[in-house]
Every structure is written in C-alpha cells, then in structure tokens.
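Both complexes shown next keep chain A, but they swap its partner, so chain B is in the first and chain C is in the second.
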Partner chain A sequence: MDTVVETQGLYKYFYNKKGHTVIKACDDISLSIPKGKTLGLVGESGCGKTTVGRILLRLIEPDSGTVFFNGHNLTEMNEKHIRPLRKNFQMIFQDSSSSFNPRMRAYDALKESVQLYSDLRAKELRDEIYHLMSRVNLHKEMLSHFLGSLSGGELKRLDIARVLSIHPAFIIADEPLSLLDMSIQSQIVNLLLEVQKEENTSLLFISHDLRIVRMLSHTVAVMYRGKIVELAPKSVITENPLHPYTKHLWNPKISDFYVQFFESGCVYKNSCRVLHRKGFPLICSEKQPELLEYEKGHYAACHFAQE
Partner chain B sequence: MKRFYYEKERINIEGFHVPLSKRASVRDVVSVGFGLFVVFYLFVFFVISVTNTFIKDPMQVEISKMFLSPSFEHIFGTDFLGRDIFLRIVKGTEAFFIPGIISVTISTTFGLLFGIISAYYPRYFSKIIFYFLNIIDSIPRLIFILIIIVLFNPSIYLIMTFVGISSIPKVSSYIKSKVELLKKQQFIEACKELGLSQVNIIFKHIVWLSSKSVLIIQATLGMGESILIETSLSYLGIGVQEPIPSWGNMVSMGKDFFFQGKIWLSTIPALVILVTIMGLYLLGDGLNSIYSEKVSR
Partner chain C sequence: MTRFLKLFIKELLSMFLLIIGVTALLFLLFNLMPGSFPGKGLGGAEYLKLLRRLFTFQFGTSIVSGRDINTIVFPAFRNTLILTIGSIFLSILISVPIGIFSAYRGFESYSWPFVIFSYIMSSIPVFYLGYLVIYAVSRYTGYLPIYYPYGSERGNPLISYVLPVLVLGFGNESISEIVRLIANELKRVMNTDYVVASKARGESVLRSSINEGILIPLISIIFSKIPFLIGGAVIVEHVFNWPGMGRLAFQSTLNRDLPVLIVIAFLAVLCVRSGMLLKELILYYFRPGEK
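Moving on to the complex of A and B:
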C-alpha cells in the first residue's frame, strides 16, 4: 500500500521567555498514512493534535524530525518549493471563523480557491461554486454575504467547501465537526466518506469525539501530552485497548488526579488507574515507556500494557 | 441616544464586516458627505481651469469694475484690478492640485512600501527605516521648506515632493501597525496553506482588502495638508507670484484693503481655504470612524 504521508521522530517544544519548556506539543511522533485511508488522532485538548497537523503542512517548523509527502521531504524544502505541492495537502481549520478574511464575500473566497488551480471561467466557475455549496448543504444566497457575517457552522462548511474545491490528495481535518449540530455532522461525515471513496483521499482526522473517530477512521492513534500512547487499527483499539489512557477514554470516569507536566517517567502516571492498582511501581515514574508492538499493527506505550 | 445605539451595535459585531449603513453614525455620514462635496468641487474647478473653459478670463484687468462687492454678476465680488474673485478661486486650484496629488502619491506609495517591509522583516529593516523616518519627522516641516526655498529657490513641485517625503513616516507607521496586526491572523496562514503566493497575500488580502481605508484616510489628510502648505507659502509670497492666482496670494493681496472696508477680497479666499481643508479633514475623520474596527466601550 502506498504511503502518502509519513513522519519520523517529530519533536516540537514550546518555550517560555526564560527558555524553560512549557509544553511538549510533539514528543517523538511517528505516523504514516496510507493512500485512501483515514488516521484518527484522538486526545484531550492541549495534547498537541493540532500542532502535529500544522507541522505536517509546514505551517510551523518542527524542532527536529522529518515529514515525507509522496516521497518529498517537506522539512528540507523551502516555502518556494513547497508551494506547488500545497495543492495536494489541505487543512480544514479548527477555528473557521478566523480562517477567512472577514472582508471578503463568500463567493470571492471560493472563487479564489477554485481559480488557483484551474482555469474555469465565468459560467463554469459559477456552476462549480454552486455545486460546492450544494455539497456542503449551504444555500446559494450565502455567496453574496460577507464572511464576517456568517455563523460558525456556516463558515465551517464553507471551509470544507474550500478544501474540496482543490481536490487534495490528503486532507487534515482539524475538528471539522465542532460547532456543527447533529444533522449537519452526519452530512459532513458522509461527505468526507464520499470524497474519500471517489477521489481516494487520505485523511488525518483530528478530534476528541471518539464516536465520530470510530465511524471514520481506519487506524486510531491516541495522544497524551505530546506522545502517542497507543496506535492500532480501529477494530482492535475499540475492542481491546491496551493503554490505561485509552481505556479511560473509551470508558470515561471522573479522574481525581490533577494532571501535571513531568520531566521523567510515564506521561500518564498521575491519572493512571493501573499505577494505583499496582501500588505505584517505580518503573512508571522513572522510565518512559516505549511505543511497542504488542499485536500486529497494535502499538502501545505502557509498561503494563499486556496486563 | 442614536449614537449609543450604533456603538452598542459595534460591540456586538466586533471584528466582523458590517454593512456601511449599520456602522456609520449620522455625524460620520454628514462629514463624509461634506468632504466628498469638497473633493467634487475641487475636481470640477481643476478641470475647468485646465481646459480653460471660463466664461471670462480670470486674469483680465477691468479698472471700471474695481472693488465690486458680491452680487449676482460677480458672486464673490471683484478685486483691486476688477478681476472676478470666483473665477480666480477656480483658477487658483491649479496651483496646488497636481503638486498636492504628487505629494499624496509619494507619501502613500512609499509609506505603504516601508510599512510592509518593516512589518515583514522587522529584524533587518524596521530599525533602519524607522530611524531614518524619525529623523525626517523631527525636522519642523514649514521651517524645513523655508530653508530649502531660501537655499535653492525650487518650484512648487519640488516643494510638494519634500512635503510628500516628510509625511512618509506617519503613513508607514500606520501601515506597519496594521500589517503587523493582520499577519498574525489565521486567515493569512490559511491563505498561505491554500497555496497563494506571498505577493498575492500581501497585496490582495493585506493591502487591498484590509488596509485600503488607512491609505484613503491618509491621502485625504495629506491633500488637506499640502493645500495648507501651498496656501501658506503663497501667502508669505514665496509660492505662486501675483498675476497668476493662488488662494494664498489672493488672501495676501486682499489683506491690504481689509481695513478700508473691502473685506471680501481676503475673507472669501480665506473662507474657501477653511472650508476646503475642513472638508478634507472631515472626510478623513469620517472615513476613519466608519472603517475603524476599534470597539469603544
């Protein structure tokens, strides 16, 4: 199977003014997304999901590590060489309300993206835009509105329409369903599935909504504090989760523990129920567990994954 | 009360693009309307004077019609050589119109350029440009111009070029702060990710869509300022010289007859100057108030 996107050992730390590490947004992230497949990236808010997506698009520079897109090493290319490739990877932004110039009209925004990579003119262009609008279930009247006056959900759908207008080979969907109500959520999910089927698009689906991640993804990666703690095919990870954090996500109960940032040991040790049950073993607070393959295609980073 | 309603409206729709009708208060509409009227008559006067389509030559001396007070035949009256003051005011626009536009073009073009460069490359260019511009800014303008006139005796075009250069700092600092604010916005990142070129992003999204209001405002204010400078120079007798009319030298010539009771000779050109500059400033002010997204609480 062809791999569309592959990352190796991505690191991205954010520092404060004194130079202390404040957030480890990416801590040794290695992912690969095959053609036509979906990788779901799950985790609590602030764990670095969006940062991973933005590094894949080279919107921010990683501290170290490489990103391959169809064999091109994006981390070594400069912006001038990446720009022709940008047609192939697009992002549905988390905050759609600020991802459009509020002084543009909806029609101009779509026109800009459609005309960027095609030579459609006049009537064909208008038909294409109407088609896009109907795909994301927006009314034609919206096209004459200023983007600043549209609601969050409408902008989200317009953002999706903008991405679809380019026909990318790889879409990063950064919480595409937040701000949308139930019926539109299902429409968008169906739309994404349809696009994936038609155009064989690869998807990185970033979300904290497990229900939808389970519906869309072929593989699921669970992130915690900038680290991937478990990576497995969807059916495996839903039926037999190995890492305690994944178990907690699947079956959430209120955690009593205040989550802190640690220099050493397992990232999840403060909220871990296994740790409690085991009587606080030293290995958890001293050694960072590696992402090991326990079954075929099922990776987990926990010292007690098999128990 | 009405004003308050609009202010409240602005708070609710912070950061969003709102139709003009909802953003503009009555005061803004009146000042912009007045300003546009001023721009209109300036333009018409200029066209008339360039194409030379006068009913009567404004330079023609008629001793029999000396010191006629305003009437239907001569709406602004006649001066000490019997020339029609209204026609001379129309002709007087020629003295500052093109020089003023030159000065405004210089200040907005270079202001825009320096503003963008210093916002995008703060490390290398910002300090150099702003030290240089601060030096220009620190010299009192009129005195600077007077020194230049004394030393080189230049034409009005050259003087207005200096005026334009000396207003670059103001324009570029406005543009710089605007661009600095905009370039951090996510939609610029989204444009980049979409594959738009940097030039396209800067000139379409940042300059054309988001900062053209700043430029228009600065242009109207700059035009007002250059009219003021031209008229003051002419008043002092270093600008346009007598037989050729200029609003400044008309005031200057007329002032000798002021205490003889012939007040219209200097008062009317002075009022025209006042109304014109006030109109341009109000236009800038009104546009500023309409276009600004600042939320007043």
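Moving on to the complex of A and C:
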C-alpha cells in the first residue's frame, strides 16, 4: 500500500519571550497515512493536534523532523516549490469564521477556489458552484450573502465545499464537525466517506469526539501533551487499549482529571490511573516511555502497557 | 445605495457650510486690515452678491489687474493640480514597494536602509530640499530647467515639471507615513487566518491581502493628505517660481485683491472636500457589505 503522507520525528516547541519552553506541541511525532485511508488523531485540547496538521501543510515550520508527501520532502522545499503541490493537500480549518474574508460574497469565495486550478467559465462555473453547494447541503440563495453575515455552521460547510472544489489527494480535517448540529454532522461524515470512496482521498481526521473518530478512521493515534501515546488500527484500539490515557478516553471519569505540569518523566503521569494503582513507581516520574510495538500495528507508550 | 446617498448629501451640506464659513472669515479679516484700499468697507449686501457670483461660477474681474478671474485662476489651478497629482504618484511609487518589502522582511534584514531613507526624506523641510536640488542641478549639470517656462522663453514645458514634482514627491512627509502604514497593515493582514487559509489553498499571499493590506490604507492616507499637499505645494511653487494657486494666493494677498482671494479659497475647499467624498466612494467600493 503506498503511503501518501509520512512524517519522521517532528518536533515543535513554543517558547515565551524569555526563551523558556512553554508548550511542547510536537514531541517526536512520526505518522504515516496510506492512500485512501483515514488516520484519526485524538487528544485533549491543547495537546498539539492542530499544530501537527499545520506542520504537514508547512503553515508552521517544525523545529526538526521531516514531512514527506508522495515522495517530496516538504520540509526541505521552499514556498515557491511547494505552491504547485498545494493542490494536493488541503485543510478544513478549525475556525472557519476567520478563515474567510468577511467582505467577500460566498459566491466569490467559491469562485476563487474553483478557478484556482481549473479554467471553468460562466455557466460551467455556476453549475459547479451549485453542485458544491448542494453537496454540503447549503441553499443557493446563500451565495449572494456576505461571508461576515453567515452563521458558524454555514461557514464550516462552505469551508468544506471550498476544499472539495479543489479535489485534493489528502485532506486534513481539523475538527470539521465542531459547530454543526447532529443531523448535519452525519451528513458531513457521509460526505467525507463518499469523497474518500470516489476520489480515493486520504484523510487526517483531527477531533476530540471519539464517537466520530471511531466511525471514520482506519487507524487511530492518541496524543497527549505533544506525544503519541498509542497508535493502532481502529478495531484493536477500541477493543484492547493498552495506554491508560486511551482507556480513560474510552471510559472517562471526571474524578480522574487534574492538570499539573511536570518537567520530567511520563507525560501522562499526572492523571494516570495505573500510576495510582501501582503505588507511584519511580520509573514513571523519571523516564518517558518509548512508543513500542506490542502487537502487529499496535503501538503504545507506557511502561506498564502489557499489564 | 441609501447609505451612499446619505453620505453624499451629508458631504454636500458640509461643503456648503464650509464655503460660507471660509468666505465670511476672509471677508471679515479683509475688512479688519489696516490702511485704505479698494474693496475695503464692504457690507453684508456685497457679501451676498459675492456668494451668488461664487455659486454660479461667474467670478467677475480682479480689482488689481482688471482681468477676468477665470483666466487668472484656472491656469494656476491646473498647474497646482499637475504638481500635486504628479507628486502623489511619485510618493506612492517610492513608498509602496518599500512598505511591501519591509512587511515581508521586517525591519532587521535589508529593508532598514530604505525605511531610514524614507524617514530622512520626510524630515527634510521641503523648501530646503528644493534649494538643495536647485543648487545641485544648476551648479553641476544644468540639464533640467529650474523655472517654469514663461511666455515663449523655452521649448518643452514638460521638462520643467520634473524638478518641482520630484522635490514635492520626495519632500512631502507622506512617504514615511505610507511606508509605516503599509508595513504594519500588510504584515497584520498577511498573518490573518483567511490569508493563511488562501496560502494553504495555493494562492499568492500578496494577491489575497492586497485589498485590505495595501489599497484601503493607501486610499485613506492619500486623500487625507490632500490639504497638506496643497500646503506643501505653496512652498515648492515659491522655490521654483511656479505659477500655481499657492503663489497666486500669496500675491493676491499682498495686492489686497479680495475677489481673487475668495475664489482661491472657494476652489481649495471644493478640492479638499470633494477629495474626501471621492475617498468615501472608493472605500465604498473596496469594502462592500460594511454596515
């Protein structure tokens, strides 16, 4: 199976003005997404999911590490050489209300992206735009509205329509279902599945909604504080999670959560149930466990993963 | 459209009031001047007559020379207009590339000599720059004429525009303001989410931020600079002996020529306020959908 996107050892730390590390958004992230498959990226908010997505598009420069897209090393190329490739990877942005110019009309925004990589004119262009609007279940009348006056859910769907108009080979969907109500959520999930089936698109599905990640993904990666703590095929990870954080996500209890920052040791040790049960073993507060393969295709980063 | 109509009527009304205020003040000050000269001691009836002449564009004759004011004022008006518009274009031509460059690169890398240059140019007084240029050109090259060609004195009047336009274009303080404004605005717009999104789609960053980042700030600043440009033009007209509105106003003040002076004030108000109206019109086009 050919890999479309592959990352190796991505690091991205954000610093404050004095140069101290504040957030480790990416800490040795290695992922690969095969053609036509979906990788679900799950984690709490602020753990670096969006940063990973933006690094894949080279909208953020990583501190180190490489991103391969169809064999092109994106991290070594400059913007001039990446621009022709951008047709192939697109992102559905998390905050769609700010990813549109509010002074544009919806029609112009769609026209711009349709004409970016095709030279449709007049009637064909209008038909294409109407088709896109009906795919994301928006009414034609909305095309004449200014983008600043549309609601969050309408903009989200327009954003998805804009991405679909480019026909990319790889879509990063950054929380595409937030702001949408249940009926539209299912429509969008079906739309994404349909597009994936028709055009053999690869997807990176970033979300904190496990229900939908389980529905869409082929593989699931669980992130915690910039690290991937577990990576496995969907069926394996739902039935037999190894990492305590994954277990917690599958079966959350409010009492488990308290947030505190520690410099060394396992990233998850603050809220870890296993740690409590084991009586605070020393190794957890001293050493970050490596991401090891426990079964075929099932990776986890925990000292006690096998128990 | 209603918003536009409202704006238009408001602008016309303020223009009308401003003209009445300016001419009344001029009339009053003229009457307070010491000495005795023709036109002094006129009353309210004469003022109303004068206003009627202004609004019907029948300006009458000059007190001093006895010539029709139309033939005095409009050539001067044309000369100043050429000088002002030429220098605006020159300022834009110099400052916009510097602004874009420094928005892209920041002050640190390579753009700082240009930015410093624009600040130095703006801080030199325009008359000083004018004399400097006259000295340099007439002393060392002698190629460009430093006076306006009066009568049949010299051949091509176009060449004589070069130096005054150059001096006013470099010397008015708008260069550094445009550079600073565009550098800041463009940088802000280039980092907004929607420009980042269009970059991710593969569009040019400059193209998708040109409206908000360059054109709108440029239009706002240029039209608000018109009064200052006319003020700067008065000085440049003196330095280069340029037969424009500024010099005409100065001379007719010395000559105590009230009819000409009032026509000049009338045209200046008309010019500045219609510039403002034009600015609103253009911004209305560039910012659709704004409430």
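Note that the second predicted complex is superposed on the first by the 304 of 307 C-alpha atoms of A that agree within 3 Å, B and C clash if a C-alpha of one lies under 4 Å from a C-alpha of the other, contacts with A are read in each partner's own complex, and residues count from 1 in each chain.
Here is the rule we go by: contacts are C-beta pairs under 8 Å (C-beta built on N, C-alpha and C of every residue); 3 or more make two chains touch, one makes a residue touch a chain.
What you see is a predicted model, and the numbers here were worked out from it, not measured in a lab.
When both complexes are superposed on chain A, chain B and chain C end up clashing with one another. Touch criterion met: A:Ser99 reaches chain B and chain C at once.
Applying the stated contact rule after C-alpha superposition, one finds that A:Leu59 touches each of chain B and chain C. By the document's definition of touching, both partners, chain B and chain C, reach A:Arg86.
When the two structures are aligned on the shared chain, A:Asn190 is found in touch with neither chain B nor chain C.
In the superposition on chain A, the residues of chain A contacting both chain B and chain C are 57, 59, 83-84, 86-87, 90-91, 93, 95, 98-103, 112-113, 116-117, 146, 148-149, 162, 166.
Listing the residues of chain A that touch chain B in their complex gives 57, 59, 83-84, 86-87, 90-91, 93, 95, 98-104, 112-113, 116-117, 146-149, 162, 166.
On the chain C side of its complex with chain A, the touching residues are 192-194, 196-203, 208, 211-212, 287-290.
Within the complex, the chain A residues that touch chain C are 57, 59, 83-84, 86-87, 90-91, 93, 95, 98-103, 105, 112-113, 116-117, 146, 148-149, 162, 166.
If you check the complex, the residues on chain B that touch chain A are 13, 15-19, 185-187, 189-197, 205, 209-210.
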